[in-house]
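Here chain A shows up in two complexes: once beside chain B, once beside chain C.
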Partner chain A sequence: MNLLDFARGAAMKWSIAIFLFGMLWRLFGILLLRRTHDYSEPRVHAAGLGALQGIIRRSWPRREFQARTAYGVTVSYVFHIGLAIIVFGFVPHILFIRNLIGVGWSGLPGGIIYFCAVITLVALVMAIVRRLTHPVLKLLSNFDDYFSWFVTAAPVVTGLLAAAHYGARYETLLAVHILSFELLLVWFPFGKLMHSVLLFFARGQTGAVYGRRGAST
Partner chain B sequence: MSSDINTVHPLDTEGTRLSIKKPALRYDRQGDMSDGQRVEAAMRTFVREFGATSAIYLESCIHCGMCAEACHYYVQTNDPRYTPVRKLEPFKQAYKREAGPFAFFYRLFNLKPRVTVDELQKWQELIYDSCTMCGRCTLICPMGIDIARLVGQARHGMFQAGLVPHELWAVAERAEREGSPLGATPKVFKDRIDWLSDENAVEIPVDRDVADILVTMSSIEIMKYPQAIVATARVLNALGEKWTIRLDGYEATNFGMLSGNSQWQKDLSMKMIDAAVKCKAKLLILPECGHAYGAMRWDGANVYGKPLPFEVLHISEFLARNLGNGRLKVKNVPKSVTFHDPCQIARRGGATQAPRQVLGKLGVDLHEMTPSGDGNWCCGGGGGVVTIHRADELRYKVFQIKMKQVDDSGAEMLVMSCSNCRQTFDDGQAHFKWDKTAHSLLELVADNLVQ
Partner chain C sequence: MSKDDSIGESLRKQGISRRAFMKFCAATASLLALPPGMAAVMAETLSRARRPSVIYLSYQECTGCGESLTRSFSPTLENLMFNVMSLDYYETLQAAAGTAAEEARKTAMKENWGKYLLVVDGAVPVEHDGAYCTIAGESAVDILTEAVKGAAAVVSVGTCAAFGGIPHASPDPTGAVAVSRIVKDKPVVNVSGCPPVPEVITGVLAHYLTFGSLPELDHLGRPKVFFGETIHDRCYRRPFYDEGKFAKTFDDEGARNGWCLFELGCKGPVTYNACPTVKWNQGTSYPIQSGHGCLGCSEPDFWDKGGFYQALSTGTWSGGAVLGAAAVAGAAIGVGAAIVSRRRHAHSDKEKHS
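Here is the complex of A and B:
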């Protein structure tokens, strides 16, 4: 068995299994904790609407905060959108998803994807440089922040190298790319990458609480 | 320490802000617990209170640091220690070790070491002195984490560990023992009412057996701004309401909540709830006090364990309702006014528009601050911070944001609906020899009533 077979076979199965099990464990571990009932008389009887508003409105900072957060928000948006285009727009990725879950769609031209990947990488580098230099981010950051950045950036870098056939045999580069993605899957449930799921719960519950109070969600 | 609190912690009710007199020797650790017991008590309390809501918050933080940009302490000092979510670090550590979904692994491999008492002691300044729980951080968080709520929970742990700042502990203890943090005991209050009633020729009903409305007061008003009592009476009498003040439940401030003692919070809230139930009140009016609004309007029923059998309104909401329906009439006030939003009433309480409706009826030229409403800056005195002497320097630093906001508004008059904010403004005004004086919305209405 060569490295590519391993990456496509056992490593893929195990990483997906760990990803799914870890996600469920963490989600249930949090959501099954007790909840208290709020007996206060709501000002607005539409907690569901508040939750929805919270989920949507928090996607962008309020006007009074925009000037001070512009850099971080812009960089984050660029690499999040970039990653989404790469993952869901690149034809080989779509084929992989179709093999996995049976649903597929048409992809974007390779040139656009490579361009997006470079932009994404630049934004990711800007994000990590900021984390390493900004006094607040330096103080807040821990292993999770740096490792989560690493497992996010690694598939982009290895993907670009594989596409460029640069540095090694294509099969080896592809295997390393797939393995880097599997590392991302394995780490996903245990670190901050879970925010992609938890943000709906966190924003939603704050939206519901302050929505029923009639305050900003 | 509690038996001789009156001599050990004498009150200062003459200054521009009310608290205990500046202690010559600080006691920022209460009780006789060992260091180990303190840590154990803090963490046990914090973890015990942990439900899904708080867990979701602590699990969602992406360490983006945006909360710092909303916090007046960080913005004014550029000191990263004041980053709001970092104020929770020891408690986040405790959660991960004791209650999180991977707690077993954290303990097994000691991935999150146990918190030490020195860390907690160091964190006292971050949890109390430099957080007014104003909730601007909650508003900016892209994940929607209610950081202010978590700081409140962290305070519960700190209280049980006996790690509360000297002055805040002393006023909270006094509130539990005497019913008021600032010496506004039932006897003092009754004397004041009698004097105010005579002096101003206004009827102030006390201890009615049955009344439609129970009026509560803040001890800051009773001791420092007694005209608020007269103003409330004038408004209610003008409306012909059947109302009362009751000496068994009048104090609306809740230093149990601010210091972090849930039992004291409950004791203080229950006095008002019991008094309202006894006199069969249909409505409980809260005074111009920010945290009193949160404590009763939003936490009251949860303390009671069931829905409250009466309505709860902040005085500004009551004024807005009765000016809106035409029962109350006021003269035009030909002035430009800027309004300071008390955080617990507006951003965290949702009663943001009521004071604006009142000001609209007064016909003033409203110059909104930038930002205003739910996004407004805190005055720096909330969360019990105004009582803590060692926090003064920092408090004055953050108050400068407010001074700039007010000056930039270009308004002739500064109005607010929280007496704690008002005393913070008075104290800041005296400190900086500023030319702006804070006024009460309620008193502005009472002074301009059309009889």
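Here is the complex of A and C:
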């Protein structure tokens, strides 16, 4: 068995199993927590609308903070959108998803994907440079922040290297790329990458509470 | 034609002109991607060289490699056999049979001890003392071990000989192994493929006959000149891969338009061979050109690397039970954690109100 066989076989199986295990653990563990009863009279009854407003409005900084947060918000949006295009637009990735859950769709040309990957990587580098140089961010950051960045950036870097056939034989680069993604899967439920799921619950919950009270979300 | 004749003498005796011989050398040098000047060197070397003895052994194989070898066009097998080398033993092509055939092999080995080129086709079974493949009462592994002692070099033709191939595929009941697992003290070149491109087989033989050495090899013992690039990199359908145009089935519009076969399981991106450049049947076509994805047949264990029609980016694992167990365990621990938390809160509330 070579490295690619390992990446496509046992490593993939166990990384998906750990991902599933961790995701369900975190989601059940958080969503089944007891909620504090709000005995006040609701001013607005459409709590769902408040939740939706909370998710949407908190995805963009308020006007008074825009100037201060413009760099972080822009860089974050660029690499999040870039990652989404790469993951859901590249045909080999779509085939992986289709093989796993049975749902597929049309992909984008390789050139667009490679362009997005380069932009994404630049944005990721800008994000980590800011984290390493900003005095407050630096103080707030811990291993989770840096390792989550690493497991996010690694598949982008290894994917670009595989596409360019740079640094090693293609099958080795492909294996390393798949393994780097599997590392991301393993880390995903247990680190800050979980924000990509939990943010909707967190913002929705806050939005629903504020909505019920008639406050601006 | 005497075996002791030089190649040049044997050619002259057959009335083959210098011009025809030079054409042969130019074609072979071109096939091996040698500099243009090497054709003249090759002609000079070959014309003075004595025709070397070649012993061709066949074990666990389907004779597909032999069929492929006989369809080489540049150089042709006939040209190699009759003009450049002395094929002294090859069960598929020789007229002799039984004891006479085995005697021919032993005589050729004795007369050319230390100098003959040993070509092996097929995997070698080692389970039960090699009982799964015997010739004239001798096991393949014993014949090979004996023949290798007097060989100058060994050429493993086909994926079975090079890497074990289909006989080695799981569950491998005969304990089939590659020739290189048995031969440790002689140079071995692997000419893999199921079957190999015929010109790759004859090209390697021609290289050895010309230079007296094996060509530069990759990490799997294959000649780099033929196995240096992936099928995908030299595939004429590669632009469609880059454009994101893929055939979804073998009879859809994409297939008719000749789009990339990656979605249909083509293993071209991880398969190294000369199929797209040298092609088959005098450069007519190769599997992808005929509308079927590459099976990756020149790579080790190609038979056990998941489905032939499964895209390369998908997994080769099967483990629904493992995933199910992981999901149940994760959900159970999550629910358990939430229950514990709720109980703590309830207990805390009780204490506050008491």
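Methods note: the second predicted complex is superposed on the first by the 217 of 217 C-alpha atoms of A that agree within 3 Å, B and C clash if a C-alpha of one lies under 4 Å from a C-alpha of the other, contacts with A are read in each partner's own complex, and residues count from 1 in each chain.
Definition applied: a contact is a pair of C-beta atoms (placed from the backbone, for glycine too) under 8 Å apart; a residue touches a chain by one contact, two chains touch by 3 or more.
These numbers come from a predicted model, not from an experiment.
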- Using the touch definition from the top, say if A:W25 reaches chain B (first), chain C (second), both or neither. both
- If you stack the two complexes on chain A, which partner ends up touching A:R34: first (chain B), second (chain C), both, or neither? both
- Task: Please indicate which partner A:A202 is in contact with in the superposed arrangement: first for chain B, second for chain C, both, or neither.
- Result: first
- Item | Touching partner for A:R58 - first (chain B), second (chain C), both, neither | first
- Is A:A215 touching the first partner chain B, the second partner chain C, both, or neither of them? first
- Item | Contacts of A:L4 with chain B and chain C, given as first, second, both or neither | second
- Tell me which partner A:G72 touches in the superposition: chain B (first), chain C (second), both or neither. first
- Broader residue contact with chain A after superposition on the shared chain, chain B or chain C: B
- For A:L95, decide between first (touching chain B), second (touching chain C), both and neither. second
- List the residues of chain A that touch chain B in one complex and chain C in the other. 25-26, 28-34
- How about chain A: which of its residues touch chain C in the complex? 1-2, 4-5, 8-10, 12-14, 16-18, 20-34, 91-93, 95-96, 99-100, 107-111, 165, 170-171, 174
- Query: Along chain C, where are the residues that touch chain A in the complex?
  - Reply: 230, 232-233, 241-244, 246, 262-263, 269-270, 300-301, 305-306, 310-317, 319, 322-323, 325-327, 329-331, 333-335, 337-339, 341-342, 345
- Note on the structure: Per the touch rule above, chain B residues touching chain A in the complex are 50-53, 55-57, 59-66, 68-70, 74-75, 78, 80-81, 83, 85-86, 99-102, 138-146, 297-302, 304-308, 311-312, 346-352, 370-371, 373-375
- chain B-facing residues of chain A, complex: 25-26, 28-41, 43-44, 54-55, 58-59, 61-65, 68-69, 72-73, 76, 134-142, 144-145, 190, 192, 194-195, 198-199, 201-207, 209-210, 213-216
